[in-house]
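Pasting in a structure now, in structure tokens, and then I'll have a few things to ask.
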Amino acid sequence: MSQHSHGRDDSAKIADHHHIHSELPSDPALRVKALESLLAEKGLVDPATIDAWVEIYESKIGPRHGAKVVAKAWVDPAYKQRLLTDATKAIGELDMLGGQGQHMVALENTPGVHNLVVCTLCSCYPLPVLGLPPAWYKSAPYRSRAVLDPRGVLKEFGLELPEHVKIRVWDSTAEVRYLVLPERPAGTEKLTEEQLAALVTRDAMIGVAKVTA
Amino acid sequence: MNSIHDMGGMHGFGRVEAEPNEPPFHERWEGRAGGIVETMSFPPGFPGDRFRYLRETLRPDLYLTQSYYEQWLYVAEQILLEAGMISAQELRDGRPAAGEAKRNDAMRRDVVWDYLHDRTHTGRKLEQGPCFAIDQRIRARNMQPEGHTRLPRYARGKIGTVTRHHGGHVLPDAHAHWQGPAPQHLYTVRFTARELWGEAANARDTIHLDLWESYLEPA
Amino acid sequence: MNGVHDMGGMHGHGPVAPEKGEPVFHARWEARMLGIRRGATFPSEVNIDRWRHIRELIPPHLYLSRSYYDHWYMSYVAALLQSGWATAEEIKSGHAGSGTAKRNDAMRPDQAWESQKTRGVFTRAVETPPLFAMGQRVRARNINPSGHTRLPRYVRGRVGIVGRHHGGHVLPDSNAHGKGEAPEHLYTVAFSMQELWGAEASPHDEICADLWESYLEPA
Amino acid sequence: MLKDHPHHHDHPRAHSEVPSDPALRTKTLESLLTEKGLVDPAAIDAWVDAYEKKIGPRRGAAIVARAWVDPAFKARLLSDATGTIETVGFLGREAQHVVVLENTPAIHNLVVCTLCSCYPWGLLGLPPRWYKAAPYRARSVMDPRRVLAEFGLALGEEVEVRVWDSTAEIRYLVLPERPAGTDGLSEAELAALVTRDAMIGVAKVEAPKEAKA
């Protein structure tokens, strides 16, 4: 693990292969179409499988999953305890584990602590519970500033936190994926678990918003 | 600011591509662009450090794709726009708005040579003596200013040794933002390559930076 | 590698721009590219860590100017070229060269959901006991590898506190370069904002990062 | 320190309204400024002429050659380069405060500007492209030996490499080692051997071919 590491030549070869991109059309729609037909011709992909994956991310996986986890934790203290102790197991109980979300940690927001999740190095995100990340989560502004100026970023999302609240930013550098357990809003005592789940937003589970009643 | 211009220690840019017998300008426009920026009228009292700062504000992907003289053009445009000496509309049209009075105070051909040898410089006499002595161990401060600074990220928080004192110099961090010259003592500080880059670096090699007094604290 | 992908703490990228009612995909090609990433056959050496490294090696100006799924396109193309599974000509034309034998082992549509549920488990047994205990002060090592690493530049050399132990996890630095999974203990380490960014940072806030044992030393 | 970023940050698209072809963009700006009386095209001509024909590495080479033949001059140059070069008349734009760095068999100096492209114009003319480009700026502080090797200069382990990052207005000029076998050469002949690259520190000065033989 030195700067003269064995990775150097390996990396240089890959970097060379990236040179092709300057010779290809700039419109990604054209490039991806050509890639799909090439892969299909070579038998490296079945276009129907692409359809299946698109359907998974468009209809089967999304923030509704995470919202169910949150709502259950709000109404079921024992579940909440299990979630905070071993989120992988607790989310597994609901059959909501999967790729990019096999090792889960839940972070509880309280009046004194606010958690915020980012991946500065790429765009790691808990796919099985939140679906695909929004464009802003993957963008340079969020990745660069969430760690240096989390309060400024939150303010841009309309969330101004008092000085005494401790902000904990979680940079997803490994394969552990983070889900924020937002505070249950006041005045929701009478709502059912399902009604509560409908209040929980994706942004609140990333930590850039609170849940409002 | 911690932007893409602060390149020291980055990977991913490939090899250094040296060009044999490189001409001063590769195309005619490069010389014209350089000449425009060097000889055009600047806003009164324009602080030289602001030129560098404005270059740093170029969008990061454009900073990496635009050539040096293109970046100068961008800076020249920003300077003139900021000062209201040209308008965005004029820049798009390439001609002055109707009814503009033409100025007659631009740098003339016969003073260019003198301008290139003018001795206006950033050295300043300071009343107060320097805080740090030659051979003193110092730590470069860990700071993340959003504005202009000449303390590269790779040296922040690292310990070095003062090797030279240059007297007072205009402080870019203030000057670039129209806050006056605010001169401070300037030092050359030597860092070992291992302090900056870790144990895998060469044990003999050193990196030297010119750093202002407020960039430093005793170590 | 210290590439432009290592963005933590950078300025110059502008404000975060959330989009109201953002669709899952902004264009059909994004959906197709996602489907290719998940459903296409990959050269066996392209594990998740190598995939990330291939993405980090996208030329910096393209990394900054092109969108997320375009990064995937560029990375998959580079992986195909690297493995010899496709030629530059084939990528350009979108058609297989003559005489290519068609494979018949691509993922079937009915296998997609099972793949989604089961892929990506990275915990591994590690024989040795963990070197660091909960609450222990550790320093992130100052390393600057040219290959893949998940130790961001902004935490290197900084002292934090071990907050959680995740057991053994595949080490990206090794796995990305075909040198085996080399699992190590993984810890969550909490750093104060002031430790990372200096005295002007918020005194209340902290940043937690998941770091492998070899990234750390006792402090 | 400050947040007076230029207006384009609020309007990231504004910049794309100007022509993207730099030649056209230059022409547009030159004619606009000329018409407004903000620049005189003849002054641009004079500026171009100065850097194409008059101000270049020959200036630095003259200083190096003089230092090689005149020990008193060399001593003054190393202790006070600014004062010494001032008497030659080379100081001015981008060369107001100069430090000269002596290369020896044990010490090799290398100059870079990681933050922009600072360079001693008054002594070396305008910098070459590679000096201003990302690879050199990024790598020479962390990996100077490999950068030098790519320039064809392999230094022994016993040599100390000193990299000078030009962060302030001090400009650095490397005083290369005088090559062996040049004892009979005149100051002018010596100056002809000294290259720009040697005065940046990415090369050594070679003896002329006949002198080597």
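Letters A, B, C and D mark the chains as written, and numbering starts fresh at 1 in each.
Convention: a contact is a pair of C-beta atoms (placed from the backbone, for glycine too) under 8 Å apart; a residue touches a chain by one contact, two chains touch by 3 or more.
For clarity, every value in this text was computed on a predicted model and none was experimentally measured.
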More Cb-Cb contact pairs, comparing A-B against B-C, go to B-C
Maximum distance between Cα centroids and chain B occurs for chain A
So, in whole Å, the Cα centroid of chain C is separated from that of chain D by 39
Here the gap between chain B and chain C, centre to centre from mean Cα coordinates and rounded to Å, is 34
Per the C-alpha means, the centres of chain A and chain D lie apart by a whole-Å value of 48
Contacts with two or more other chains occur in chain A at residues 1-4, 11, 15, 140, 148
Multi-partner residues in chain C (2 or more other chains touched) are 1-2, 9-14, 56-57, 59-60, 64, 143-144, 146, 197
Going by residue number, chain D touches two or more other chains at 9, 12, 134, 142
Touching chain C in the complex, chain B uses residues 1-4, 9-13, 56-57, 59-61, 64-65, 141-144, 146, 153, 156-158, 197-200
As the complex stands, chain C meets chain B at residues 1-4, 9-14, 56-57, 59-61, 64-65, 141-144, 146, 153, 156-158, 197-201
As the complex stands, chain B meets chain A at residues 2, 11-12, 14, 60, 144, 197-201
Residue set of chain A touching chain B in the complex reads 1-4, 11, 15, 140, 148
In their shared complex, chain C is touched by residues of chain A numbered 1-8, 10-11, 13-15, 17-24, 28-29, 31-39, 41-46, 48-54, 56-58, 60-62, 97-103, 105, 120-123, 128, 131-132, 134-136, 138-145, 147-148, 150-151, 153, 156-157, 163-176, 203, 208
